[in-house]
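You will see two complexes here that share chain A, one where it goes with chain B and one where it goes with chain C.
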Partner chain A sequence: MIIKRTKSHIAEIFCNVLCVFVITVVSVNAQKLNDDFFSPKSRLSFGNYLFLEKDYLRASNEYKEFLKTDNNDTVRFKLSESFLRIGRYEEAANNFKSLFFSTSLTDEARLGLFKSLFFEKNFVRFRQYRLEENYTTEKFSHDIDRLNYISYFFDSEPLPDSSRLFSAFADLNRADIKKFYYMKKNPDTKNPVTAALLSAAIPGLGKIYTGEIGDGITSLITTGLLVFLSANNFRHDHNFRGWLFAGFAALAYGGNIYGSAASAQIYNAGVKFNFDNEVKLFFEKHNYFLPEFDFVNR
Partner chain B sequence: MKKLFYKYFLLIEIFVVSSLFPQDRLSIQFDYANKLFQTSQYFDAITEYKRLLFFDEAKKYSYKAYFQIGKCYKAGAKFDEAIKYFSTASINAANENEKLSVYFEIVRTNISRRTTSRALQILDEIEKENTNTFIRDSINYWRGWTYIFADDWKNAADAFSKIKSDHELKKLCEQVEKEKVSVTFTKAISYFLPGAGEVYSGNILSGSITFGWNLLFGYLTINSFAEERIFDGMVIGSLGWLRFYRGNIQSAEESAKQKNIAIANKILKYLQYEYKGAKP
Partner chain C sequence: MKKFFLIIFFSAIVSSAQTDWVKWNAVQVSYEMKNNNELEQSVGFWASLQSAYKFLISDHDGDNCPFYPSCSQFYVEAVNNSGFVKGTLMFADRFTRDLNFFKGWKHYPVHCKTGKFFDPPYNYNLNPRSIQFLSAENSSE
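Let's turn to the complex of A and B:
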């Protein structure tokens, strides 16, 4: 009887232990299964998928999480590249800088920093860093120089020497670059002072000078008619009406001078806008002649 | 002894089964993403739905995840993206019901985006392929909403009346249609009596002032001609009277349009905050 009871007691203890063991194993496994999607490895592969899908913001979040547990140059580079592509240039530059020393991607990171500054349109710092040894790289010096030359098309600094600028580009693109260079150097603009003076001499002439032919002729007719009405009224002793039309004529004359100067400014703004657009489209089409890195798209 | 063993075995089995099978990791992920969606964390919800899609190799959740991503984008007013994902969901739909759900969501997104002609086109296509009464009611319901957003209250009322002759929304649309003023009529009466159009559309003070200006300049012009001051008459008539007369017609048109917008906005506000039924 006692033996039977002891056996039963042992069996109960055994079952209790087994039960605890199985529950522990199953819980750990279940937790592991749930964690699988968020493990560093999964985050990295999901981040890469998002990067290829051009969902750079979400990709950057996955890379950031991955880098909390693992240090990987390629991932940090892709994180920087993600920031660059979504326009967070300062974060991109800082992350590229963190890859400058003792990594396999030091040269690519330096080019990345210059790309960040270029797309941020921070050309002053771009040119400043280009002269500092800490930031330059032998491997991509030609690409950085070319990017520097391109930057002159986007700011108001005087253009560098033409022969050096042209030589930075391949023969295939040199004709386009030359065209843009001369368009930038000698833009087809109209002088607002000239336009105003022309309109002061002959009403409407300033507008015709800026290409507004219809407006110019209308101004000439309107001012001429008002002057005629004024003179005619004075001649017939209608002094009040004479002064009234003289006032209108003066307003039309003055307005026409001001309008001609404004028209020249509008014309110049249009020329600049079209030039900027054309240049931007051209360089965008050629990806700013920057090298592509295969490891980024893997 | 045996009894004890079976007891523990059953306990362990229940635990193992409940831990592993009813909720596999994909369904846990789907629930997690849904929770984010329900708490309006749409950016994070999209990330989690995309994670689910990435790890769902068997494409078990493709339809649901794409559908939910579309809803997230719609909730964030990114309608173009929403339609893109709804369209992908429709490709992954397993049956006609799922497809229909997607099409109605696309219609609702188009209504919100105010591309109402596209919404109507899709509804027509659904109607061609479905004769079921319940579906027809849904089609008419969303057609009604489409017309509301297209500011076509008469057709909206007609669409709702096809569901039920005393449909709540039908009554609302008829009320709007009744309260709205005719822009053409408002303009037309302003040609005959300056200021009348503005008075008709509720701007009594502005209409009276318009009438006063026209009266004054009309008198000055006619008086000038009557006194044979032809030049004065022409100048006052063209620079004064004509300016106020044309202004009166433009003001009448604007006034009628503003009144109609105010009436429509009042009802739209009611629909947005008070109406309990489904909305785009």
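Let's turn to the complex of A and C:
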């Protein structure tokens, strides 16, 4: 009996010691894992993973933490690229600038700066930097020139010479570029003054000119009917009703002239909206004809 | 010993309960409906005319206008933003478009909250910069 109790007592002690040992080992390892988790190497690996998953905001945070302890041009480039892709153009441009000198990625960084300015739609600075030697790069001069030509499709500046613009693109895409060029140069817009004058001549004609055929015919019928009612009432000596309908007719006539000019402006806004959308989709599909860097997607 | 723990336990509960009581103090809520209609807040001939229209015609006629904002609201906004003469011309044009015998409203974007055709007055004040074009295919307003 005593031997049995002693045996169970020993077993209990053994179990307790084993438990303490296991807990200690697990805790120590957990602590060790925790340390590794936030090491620069882990942060870089995690940042690269997030970058490939297109989670650029969190990737940029990991890269920033990594760059606190280590200096690496590729990581700084990827940090700039992350900022660029999440629309933080100012930060992207500053980080690209920091790679301009004494690095192997100087040409890529210069192109990156121009990309930042382009996507920020800061075309004035883009064209200004393009003329300064400090910012240009021989290696990507053709890409920067092409990006400059593309920028003219997105702002209100006059288009550059067509032959130089077309020559910046490959034969395969030249037909599309030509189409956009001529759409931009000679947009299919309507003149608000012409629309107003047409409606002044014949009520509703200005609306028909801007494509609002139903509105135009309705205006013609309404104004005609009100003029008829006014004239008819005057003819039968119903002067009050005559003046009343004359007032309504004048209102419909004036409103139609005004509305035709407004309709032409809305039509033009629609033309611009559709053109901008079409151009944007085309260039986005072709990634703005920019080169891809393999080292970024590793 | 047990008594000691019980006293501590109850004191903690009582003090927490007191804290909770303070935290959940009754809040004074006002159920007064705010009038966001600028029209009714203003006074004078214009406001009287609008109130009369609303009371005598609009409330009885119902919500029939295919557009958002409705023609009357369009007129009010147009006059407030562009003046009486321009606003009246804008309204005359809108009224003809509303009257469209062919129901040719398909090119207007659809207002998602009301399901009506979206046609705001700021698109008609002859200022190209104020035009916010919305395609009928991808209405987002």
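One rule holds in what follows: the second predicted complex is superposed on the first by the 266 of 298 C-alpha atoms of A that agree within 3 Å, B and C clash if a C-alpha of one lies under 4 Å from a C-alpha of the other, contacts with A are read in each partner's own complex, and residues count from 1 in each chain.
To be clear about the criterion, contacts are C-beta pairs under 8 Å (C-beta built on N, C-alpha and C of every residue); 3 or more make two chains touch, one makes a residue touch a chain.
Fair warning: this is a prediction, and the values are worked out from it, not measured in the lab.
When the shared chain is aligned, no partner comes close enough to touch A:A201: not chain B, not chain C. In the superposition on chain A, A:A170 contacts neither chain B nor chain C. Once the two complexes are overlaid on the shared chain, A:D36 sits against chain B while remaining clear of chain C.
Shared-chain residue A:D55: touches chain B; no touch with chain C. Of the two partner chains placed around the shared chain by superposition, neither chain B nor chain C is touched by A:L281.
Shared-chain residue A:V124: touches no atom of chain B or chain C. Note: no residue of chain A belongs to the chain B contact set and to the chain C contact set alike, using the contact criterion stated above. The touching residues of chain C, when paired with chain A in their complex, are 86, 88-97, 99-104, 123-126, 128, 131, 133, 135. Within the complex formed with chain B, the chain A residues making contact are 7-8, 11-12, 15-16, 18-19, 22-23, 26-27, 29-30, 33-34, 36-37, 42, 45-46, 49-50, 55, 58, 61. On chain B, the positions that touch chain A within their shared complex are 1, 4-5, 8, 11-12, 15-16, 19-20, 24-25, 28-29, 46-47, 50-51, 54-55. Chain A contributes residues 192, 212-215, 217-219, 221-222, 251-252, 254-256, 258-259, 261-262, 265-266, 268-270, 272-274 to its touches with chain C in the complex.
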